[in-house]
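Here chain A shows up in two complexes: once beside chain B, once beside chain C.
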Partner chain A sequence: MKKILTIAALGGLFAASTAQADVNIYIAGSTAFRANVFRAVEAAFDGGTPTSINPANAGTGTGVYTAQGTMSSLYGAQTVTIYASFNGSVQGLEDLLNNTSLTFTNITPGGSAVTAVPTITFSDVDKSSTLAASAPVTETHVAILPFVYCRNPLTPTTVTNVTGHQLQSLWNNGALKLSMFTGNTNDDSGIMYVTGRNKDSGTRVCGGSDAYYTGSPILYGFNTTAPNTWTIMNQNLSGTLYGFGYSSGGNEAIALTNQLASGPCIGYEGLNDALTVTGSACTGAPKVNGGGNCAIIAYDGFLPFNNYTPGNSPVPAYPDFTPIIEGQYSFWSYECIEMLNTHTSDTTYQYYTNMVSGLDYDLLQAEVNGGNSSKYGPVTALRLSEMRCNRSSVGGSITPN
Partner chain B sequence: MKSYKLAILTAAAGFLWSLSAPAQTFNYNNGDLLLSLRTPGGNSDLIVDIGAASLYANATGPITISGNYFTSSQLTDAGLGLNNLYFSVFGDISPGYPGTANTLWVTDPQSDNLVEATPWTPQTSANQGNTRAQMESIAYGATYTSFTEAASADNTISAVIVPSSLNISGEGALSYTIGIGPNGNFNGNFGSNNDIEQDTTATFTSGTSPVRTDLFEMTPGSSGTYLGYFELDTDGTLTFDPQPVPEPTTLAAFGMGLIGLAGWRRITRKS
Partner chain C sequence: MKGKWNLAAFVLGVLIFTGAAKASVTDAESNPYRVISQHSVFGLVPPQPVATTNATDSPPDIVLNGIMVIFDRKYALFKLPANKGKSYLLGEGQSDGEIELLSVDDRAGLIKINNHGVVQTVALAKPPAPSVAPAAASAADVANNPQPVSAEGIPQPVMENNPAPSAAPAAPAGYAVAFAGGSGNSQGSSSGSTSSDGSSGSQSSGGSNSTAKATPDPWWVVASKNLEAARAATAGLVDSGQADPFPLTPFTPPGTPANLIGPGQLYFVSQAN
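Presenting the complex of A and B:
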């Protein structure tokens, strides 16, 4: 009897060790940086591509996907599964702080959803500038992430710039008379609306900080049940604490490109989602312009890149980010990769360190290829080593290197 | 027997979870009035939800705030005393909620206890919107703090102690101390000279004179409707006394007086 028990126990141990051989990494956080993460995830697999991915057509804009394959240099012959569900920078940090489980897609199409606490998250802003400042994580800067303000199809072409002081009042009220933005008294009766993200967004944190905004903003959203109207967003989309606003940059981009919208509106976006609004010249994966007067507009008098006139041309696949690099344009932040402190020598730690270098390599390749390939372009972030200025905090002063 | 043990364990686990799990205890709703208390240089503020503004606009008799909406222990645990105490009451209607958007309720401190404070200068809806955003941030800071802490005697449905330094960049000034600013005017958003805070002296509790602050309802573009006043007594009792509403008999007597006065004038003119 004892022998049987021993054999059974050994068998159990073997089964357990076999099961542990598989490596599962759960990624959450920033929606604005998801394109870069997608490319880095792909590149980490042997041969630069996973064996399988669900959904099969997942790409740089996909918010939830699962990829599987091998990464010989890290884990030998073990099967590695990367689960990704981008839910917002701040929310990702909150998930790590509170050990909150998220729902991920099964690698098998149609398979049961997988529930797990994320092991790595991405944040567009330092954790110290978020509501999850006490999250017990190792934080590493991996890139510079530019953000932009976009105008929707109904916004007059004369709106080419928005200032931080205009934004302060615009966020406080949700809408202001259009003439403030066009400089034309004939637009006194017109209304400029503002849309934006909920509190789980790093883009929102960065935008507010950079404009020295202190307050609780009113945001408008496109009302799908009453077409043609902008309506105050007062329904929580993801929990009480996360407040009102779109839960992803992609959803906000959809609102900003809606041709049925009843009036002018501006909002902030990460550059990847902004390309949905404005179009890009990337030849590998051309983006369709949102139409009408959709365009990126200047912020405090500067655009984030040169050789672009709002509304007159698509965004270059590899923009000249000189205004950011030199310190003229300030709406940017350090993209951070976050890992729980408890992972110091395990498989998650290996993947974390690999990912840090992988993301930089991805950006390098994107630049080498000029953004003109479906794999590497368009370029929507900057390498840390390119910067000739720095800042000590989100929205903080910008100092030459 | 096993299931009995399991039930006990489950209950115990549930109890332990309830002790440690974060829960949003503080219950703020748009249109509520917040009583906010601080001491300059203090580490904590006490934020008290004293109910819907309509409760005060429609009050027909005194409302006792202390003891009902917050306790003296909460005040003590926040590091606050009755001396050198700064406090205000405010509330708003955010766009999208019932009522006139950017309507504000704000206190206006009396300089003495006999003269009603001068109503605030009318402001546009957009200007009041700037103040509204500051008020909502303070409310969010209280809600957030309550969420991150377990329910306790210091974290209740109507009152919560908030760190006076709670200020998350991009999320706004989430503490009362930072949001109201050093001059009690929401960092100038309510008007550079419009200090809505009442304060007590360093020897307040040694005296017998209470302090009062008036409550005004400000729909955009109006100078405000006087609703009554809050009175803080030296023993810590805080009450709201509504604007006296003339009773029907009083009105009738007043009307009779007017008629009498008119008749007397006619008589004197004829003579």
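Presenting the complex of A and C:
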């Protein structure tokens, strides 16, 4: 009898612990798409907001945060904690491939850091175009992510376009004669530098692929000993796999808005980070122009949207993306959500599928509000359903639907 | 007995040697072999007296851009703005025309040079002083995040693109490059001329040995110097297989280890132009 009671008690304890099991989701990957992901993460909680979030002022630009609450429709009364640490598209895929643990923030401010392997990552490019092509993941396209080239405050306003062939040479050399970009022989003695991201970056993968570039780029940036002097980036970043270059689009944007920079420079950005360089007409969440001659410039003769003149106006809050939609502007990619393909019906799978629809809803809301919503901000990505063309691979040919 | 013979031999030797010496002086003008040295078939020239510093005609200014030490051999990279900005890369004891590099003090950043007959000591041109200090992470950031974070909260390494020196593997022994102005000889658009949009751009040039304005380096010289500085900075990483080597440039020092030179060549065409 005593034995039976003991077993029953243990069973009761087990049942209780099962009922109270928390759901933990660990998100990593793309920095370029983090604004959309942040909003979708928040929206999935009951009432459209988590009960707690650390840091308390986390927003669409935050790269590391943890949110907690309940999602009744998905997990009933279970406590759901979403850990997010965006570290780059390719790095996220590598983490899934190699079972690499990342460091996340504790939901309790000041609490111990949480270490875990990410369960869901975002990538700006298809895994097949990356060094993690063999990652055993389920991959789903969730949006069209436009990329752009930005000029810094010191770049002459006559630099309004860059071609793929110029970029090939610019990346190979790191710097070229400025007149090659302005067309003015007075600029023969000037220098155009190029900056960029490390190999963790999907933006870098997409930029290189779209310009048919296969080399090892020489990239310029700033360091703490010479914060205003363009210097060839020459250190691998600790904790990441590879590459000289900025580890986030946000950091690159800071470099591209340095008013004291030692000369002209251009670099690629996801549109959301580009807005911090060029300014946005969004009234809900205005993004200030980086100053000087900062602007988005055309690529291969086309801007990603209409009704914008480099340097003359901020980027429209809801840009007319016709050049992308119709296939004229090619520097874009499919934003992908990834998880290990072993998840087929568990809590991770549930969250994954919910996030796919949640992101499309987020894009729709940004458009419905004309890009002027303080919640949804400017429109910086396109819904898949808007496209009238498609491409089979990153940087690959574009064909009409 | 034997001691007497030794003494005699010594005296005789002294007499013979003294006599020969005298003969060499007295017979100098009538020496029949003198014509041989006068012909100077090897093009030898007698040593010229070297003035020290008080020459009346001042030699052209020299801008010392870099000092390199490669397997104990010291080189200096400098230019003469007055001579169309011609650049020189000389090792100790080497000369080019009226310029001879006498010695290099790589620790002090000084070279001693015979500049058109005037011995000068020239210091490395100094880089422009940074005017803005990098922002420091707040204590709260550090407390809440075990990794440093960027402005937007992206996890960062200890220093973005500029980790502590101890983090990088050491460069191979015997290879070092130092250029004035750090690796980024700053140069804005149009270099003083009118830019295509009328903007002046930013511009600063490394100063040097007390001369006034120095002509800005051509773009490919700036880029080459930057790259050589980066090659030196990444030598340890390349050696340990953690980074790819940079391509050859016109400023790649002779004797640079082959494994530090990647495929491709940069700026040689520009140099020819």
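Please note the rule applied: the second predicted complex is superposed on the first by the 377 of 401 C-alpha atoms of A that agree within 3 Å, B and C clash if a C-alpha of one lies under 4 Å from a C-alpha of the other, contacts with A are read in each partner's own complex, and residues count from 1 in each chain.
What we mean here is this: a contact is a pair of C-beta atoms (placed from the backbone, for glycine too) under 8 Å apart; a residue touches a chain by one contact, two chains touch by 3 or more.
Not measured: the values here are computed from a predicted model.
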Q) Clash or fit: how do chain B and chain C relate after the overlay on chain A? A) clash
Q.
Comparing chain B against chain C, which has contacts with more of the residues in chain A?
A. C
Q: May I ask you to decide whether A:63 touches chain B, chain C, both, or neither, giving the answer as first, second, both or neither?
A: second
Q. When the two structures are overlaid on chain A, which partner does A:383 contact: first (chain B), second (chain C), both, or neither?
A. neither
Q: Please work out whether A:86 is in contact with chain B alone, chain C alone, both, or neither, and reply first, second, both or neither.
A: second
Q. Touch check for A:260: first (chain B), second (chain C), both, or neither?
A. second
Q) So, does A:246 touch the first partner chain B, the second partner chain C, both, or neither? A) second
Q: Would you sort A:172 into first (chain B), second (chain C), both or neither based on which partner it touches?
A: both
Q: Give one of first, second, both or neither to describe whether A:39 is in contact with chain B, with chain C, with both, or with none.
A: neither
Q: Could you look at A:158 and tell me whether it touches chain B, chain C, both or neither (first, second, both, neither)?
A: second
Q. What is the contact status of A:105 with respect to chain B (first) and chain C (second): first, second, both, or neither?
A. second
Q) Of the stretches 2-10, 74-82 or 254-262, which one of chain C hits chain B? A) 254-262
Q. Of all the chain A residues, which ones make contact with chain B and with chain C?
A. 172-174, 176, 215-216, 218, 231-234, 240
(Q) Could you list, by residue number, the parts of chain C that touch chain A in their complex? (A) 127-128, 130-134, 143-147, 149-163, 167-168, 181-184, 186-191, 193-197, 199, 201-202, 204, 216, 218-220, 222-223, 226-227, 229-230, 233-234, 237, 242-244, 246, 262, 264, 266-267, 270
Q) Residues of chain A touching chain B in their complex? A) 98, 125, 129-131, 133, 168-169, 171-174, 176, 199, 204-209, 213-218, 231-234, 240-241, 243, 393-395
**Q.** Contact set on chain B toward chain A in their complex
**A.** 22, 24, 94-97, 102, 125-126, 129-130, 132-137, 139-140, 143-144, 147, 167-173, 178-179, 187
Q.
So in the complex, the part of chain A that touches chain C is made up of which residues?
A. 31, 54-55, 58, 61-65, 85-87, 103, 105, 109-110, 113, 154-158, 172-179, 182-184, 186-191, 215-216, 218, 220-240, 244-248, 250-251, 254, 260-264, 293
